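What follows is a single structure, written as structure tokens, with notes after it.
Chain naming follows the written order as A, B, C and D, and within any one chain the residues start at number 1.
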Amino acid sequence: MHKASVAVIGASGYSGIELTRILADHPRAELRFLASDRWNGDSAARRLGIQGRAGELRYAPLQGSERAASECDAVFLATPAEASLQLLPKLFGSAARVVDISGAFRLKDASAYRAFYGFEHTQPELLRSAVYGLPELFRQDIAGARLIANPGCYPTGAALALAPLLRAEVIEPAVIIDAASGVTGAGRKSGEEMSFGEVDEDFRAYKVLRHQHAPEIVQALSRCSRVPVRLTFTPHLLPIKRGILTTAYATLKAGRDPSEALRAMQDAYRAEPFVTVIDSPDEVNLKSVAGTNRCTIGLAWDRNSLDPGRLVVVSAIDNLVKGAAGQAVQNMNIAMGWEETDGLAQLRGFYP
Amino acid sequence: MHKASVAVIGASGYSGIELTRILADHPRAELRFLASDRWNGDSAARRLGIQGRAGELRYAPLQGSERAASECDAVFLATPAEASLQLLPKLFGSAARVVDISGAFRLKDASAYRAFYGFEHTQPELLRSAVYGLPELFRQDIAGARLIANPGCYPTGAALALAPLLRAEVIEPAVIIDAASGVTGAGRKSGEEMSFGEVDEDFRAYKVLRHQHAPEIVQALSRCSRVPVRLTFTPHLLPIKRGILTTAYATLKAGRDPSEALRAMQDAYRAEPFVTVIDSPDEVNLKSVAGTNRCTIGLAWDRNSLDPGRLVVVSAIDNLVKGAAGQAVQNMNIAMGWEETDGLAQLRGFYP
Amino acid sequence: MHKASVAVIGASGYSGIELTRILADHPRAELRFLASDRWNGDSAARRLGIQGRAGELRYAPLQGSERAASECDAVFLATPAEASLQLLPKLFGSAARVVDISGAFRLKDASAYRAFYGFEHTQPELLRSAVYGLPELFRQDIAGARLIANPGCYPTGAALALAPLLRAEVIEPAVIIDAASGVTGAGRKSGEEMSFGEVDEDFRAYKVLRHQHAPEIVQALSRCSRVPVRLTFTPHLLPIKRGILTTAYATLKAGRDPSEALRAMQDAYRAEPFVTVIDSPDEVNLKSVAGTNRCTIGLAWDRNSLDPGRLVVVSAIDNLVKGAAGQAVQNMNIAMGWEETDGLAQLRGFYP
Amino acid sequence: MHKASVAVIGASGYSGIELTRILADHPRAELRFLASDRWNGDSAARRLGIQGRAGELRYAPLQGSERAASECDAVFLATPAEASLQLLPKLFGSAARVVDISGAFRLKDASAYRAFYGFEHTQPELLRSAVYGLPELFRQDIAGARLIANPGCYPTGAALALAPLLRAEVIEPAVIIDAASGVTGAGRKSGEEMSFGEVDEDFRAYKVLRHQHAPEIVQALSRCSRVPVRLTFTPHLLPIKRGILTTAYATLKAGRDPSEALRAMQDAYRAEPFVTVIDSPDEVNLKSVAGTNRCTIGLAWDRNSLDPGRLVVVSAIDNLVKGAAGQAVQNMNIAMGWEETDGLAQLRGFYP
């Protein structure tokens, strides 16, 4: 079978490494180009122990990488938002489909970039062309797309947890998302703040009420609810490597029964290969999804509880897979018309 | 100076160990009796490296320990709730003041024990005599008390975070408490579920909507608000040893300004030796309170946020100190008429 | 292609889980039978998220499992040594090849079982029939074998680090093995000793001079050196899940040059798909082999060092893969005459 | 009682923080001066939660700090070696006793600094004046000393483990030290290499055969053995915060009995307040010494072992306390003629 050629720009960051490994085993794609300044000149075999032809690839410098990449059938940008913003105009004219893992093309409202990302968005037209790639919620947008904005890790966990309930109009459009992420969510960063001595045995909230994923969550949820959703979002930093656990709080609409919420959730995901609704939020955990493209979701309510109108939904994903590289490949699969699970179904978990 | 004699029953659990160490350095109390079946016959010097006379104490068996303990001026029960329920009637007649670290005497509604603790409460009269020992909120009850129910770890973190806002009537009496605890909160347990291989690199919610601390939080908060408080409480298990981070969500009452919330918080704790209100929830973390009796609290709101009526309050405590042993000593200090900070002010943190 | 049928007995332990996942993706083997009392009746899809036909398999009870297993082409025992000792006689008559992951058939000297395993070995004839399956050192024994004793995790890391130097007679036959293992090396154990509260933030040696893997290391190394090897072995417990780092100390034979040691090492492993000799021991680490069947080895000496006759060799493996399940599959591949890397080459590492 | 005045220069590093906390509770010393560029202007109360007068101290900049410090009775340098080398000449003329926690004045052979520290030692006379402050081995040197070079963390653990055996001449003067340290041993460093994502779930050796503590260990041990000691030293990085576990390997001298080794060890430390010889190396662990100035040591040999002439000695210390700040205070206590345990006996461990 002829394989499509793919490139990864920003291949030595944590998401870039994960992408490289998934693509090296993909049945219909062939890795042809890897760019990374950090590993410039080195091979994927030496850096990641990748076997076969993909292992022989040598990392090229970022400078000028868009030229080689644009000759591929698909390009993954695993670069910071500012870098993606620079690269995209050079790639968009080409035949390559682009999946951008950064936040640079996710928000439809260009002015939100100033407030939440700290830069002026210079490509409003590309922003309009970009498709938000959350397959389980917006699959119809993705087929054939040329520029796919891959969702953020927190928005993936949050939107999967609440979208079916908003679509079914069983909850009020005002929600609370309390989420905790492993350190790889922040990328491959040094800095004292992320050193082992500071993170180990600690837990804390950060960017409270000002995290850049908040407007992205609102945008995704509001599209589902068809009315603007009010959101309070608190991210926390976990002393682990991978995984996001999202605990979402919602209020049942007057006259609706909690069993309708469970049914809406089950209906929404029954046919989904990567999302599983399980019996209880107590059984949702990070270790069983780490290393996979899966999302598990559990929902709880209690007619006799101390606040009977409240629903609690807990979801778990691996921030580097379903929250980044895996979802990016899922998006490419859909855009190219392949099986959505290609290269992803066989991802083994890490447990134990 | 003559020192008061104190006993610890259940001295080899994690709270019991912490109590032993704090009491061994207490300026007005002298450890006289330690009971533990696990360490029966061994010395505190050998088990905990404690120097001086306290180190020479040998652990006695639990069986019959109430007799020796009742001759002390104060007795700490660091036993499971069922054991405390058995021991208390034998101790209550004596001259000793008792601080019970278990949940056995915390809930005023005896019938709640069946639902949340799984046993029938057999001592309703003692329950009425018991005083709930959360000094910063109910200090006036504690002086001279003979039976003090030491608060649970989650209720301590939650009540300190929200009580001033409820007292000042700036928030609605319906709150969400999302909290995460290190493993020592579950006591010194074996069992596969708490093994390193299962807990490490994981994070999960547990006992969602049915944790036994939920009615205790409601009881404490409702006393402050003077109307019944509705509560949704979700505890999580952190892969760390110590600490509880509480992220609380509240809704501003109509017509109230968020600055009133901050002022209420600052006023409530200005004179408190162990509670510090800090500028931002982002600076509240577990590592800076671990090993101390301190609680740090940060409050956030944002007029321009995606849900402007919502307040987020984050608090941090060490579950074994302010959430158990330290608060128990604080309660004893008040009950005996000593300086409230005796034996506690000099607790060094663990950071780094 | 017709696939061979395989069974795993003891499928819910950590090695059994790893075996199940590797075999579910094996190109020439088909999982047909899984036995586990713990997960009796449950499916592999539900427990491990395994897709396809293997996921539909339901765990059978251990009792009587040898009958169903003996109808397969290959059987993996991921059971404790005592259980393997009971099961083997019932399986050995059948057509199935058996790979035993326990220590029950590794030591040629039956009397050593009393001293190091605490039981009398009741199957001395099977012991003689068993082949020690360390492919890189004793590959010729494995082809066509009916009973393969899969090496222990520590012996794998230790023997791979030192065997080439002993074979080439560049070091004295008296060595020190200092090794550290993640908790999964001890299997899926509960018990307070292995609880998160006890293991986290700690490090300690255990079973000093009396670990059951010591005679196995001596047996493997002595076969290579052709003279009895003297060994001092100290295992340590690391607060991580997976991986064994082995630091081995050897003394250069008089008249031999350290460069001969490096050459012997490189020659021994040049053609090996799973062993890589890298430039410096400083670059050998656990995170780059975790989740793979690889072993990395680095060797250091220094003519100007503070003890110039000494060599230091550091090796790294994943105890559950190259130290257990992966090596078991490698052994099956050889015994069946398949590609040695089948089912193993594509194992992705876990890093980050 | 009049208290001596003390200063800490480099007070925001991990050793500096630990020093500050220990000194804040010292019965005979009063913290008067803290210098740190990082925390310049801030108070010790805010940064470390220190109560009382010490908490009111504000951090001064390093620039010019030697002037204020030299008016104190004792000065602790918790600065990098290069900084200590610059500061010492400005302090040495003054009345202040100086304890330098860096390596700048530990090695008697000035030329070793080029090879192991990468700088030329510019103060050979001060080097001769400096006293090596390992009280349990060289206490007689310390009383009244004006410049004390505080031992490195690895040398403390290694020398305490082996010195009594070399002094008693029961082992050969050729030893192997295999040691593992928590991350705080490297100081408060950022850099990707020390980030949580890289250190967590990993273990590796580093600076194999070229660590700067190797010549220091040789110097200390050779002084005890009175013949030059040959050393192989391998440090490893543990994914924990605090603690060094040292596993030392020695060879019994011909004609000596292993029981003599145990006796030599027990005799050496019987009267020592901070060193405990315990029954078995299996009981030596980091969690029971973390946060204390203690060192525990266990020794093993086995006449029937696989290498009967070999001894294994395991020691444990907290690298920030007995390996740095605690030992520095112990040295000051001796130099000033105070009780050696002042400010140290009451250090509570961190367990659990």
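The rule is simple: contacts are C-beta pairs under 8 Å (C-beta built on N, C-alpha and C of every residue); 3 or more make two chains touch, one makes a residue touch a chain.
This is a predicted model, so every value here is computed, not measured.
Shared contact partners of chain B and chain D, listed by label: A, C. In terms of C-beta pairs in contact, the better-connected of the chain pairs B-C and A-B is A-B.
Each chain gets one centre point, the mean of its Cα atoms, and the points for chain A and chain C are 37 Å apart. In this assembly, the C-alpha centroid of chain B lies 47 Å from the C-alpha centroid of chain C.
Put simply, the C-alpha centre of chain A and that of chain B have 39 angstrom between them.
Shared interface positions of chain A, i.e. residues touching 2 or more other chains, are given as 14, 184, 188, 197-198, 200-201, 239-242, 350, 352.
Of all residues in chain A, only 174, 176, 178, 180, 197-198, 200-210, 214-215, 218, 230-234, 236, 238-243, 245, 247, 249, 280-282, 284-287, 290, 298, 300-302, 305-307, 310, 312, 314, 316, 350, 352 touch chain B in the complex they form. By the touch criterion given at the top, residues 14, 183-184, 188-201, 239-241 of chain A touch chain D in their complex.
Chain contact summary for the complex, chain A toward chain C: residues 14, 17, 21, 25, 48-49, 51, 184, 188, 201, 241-242, 288, 291-292, 294, 320, 345-352.
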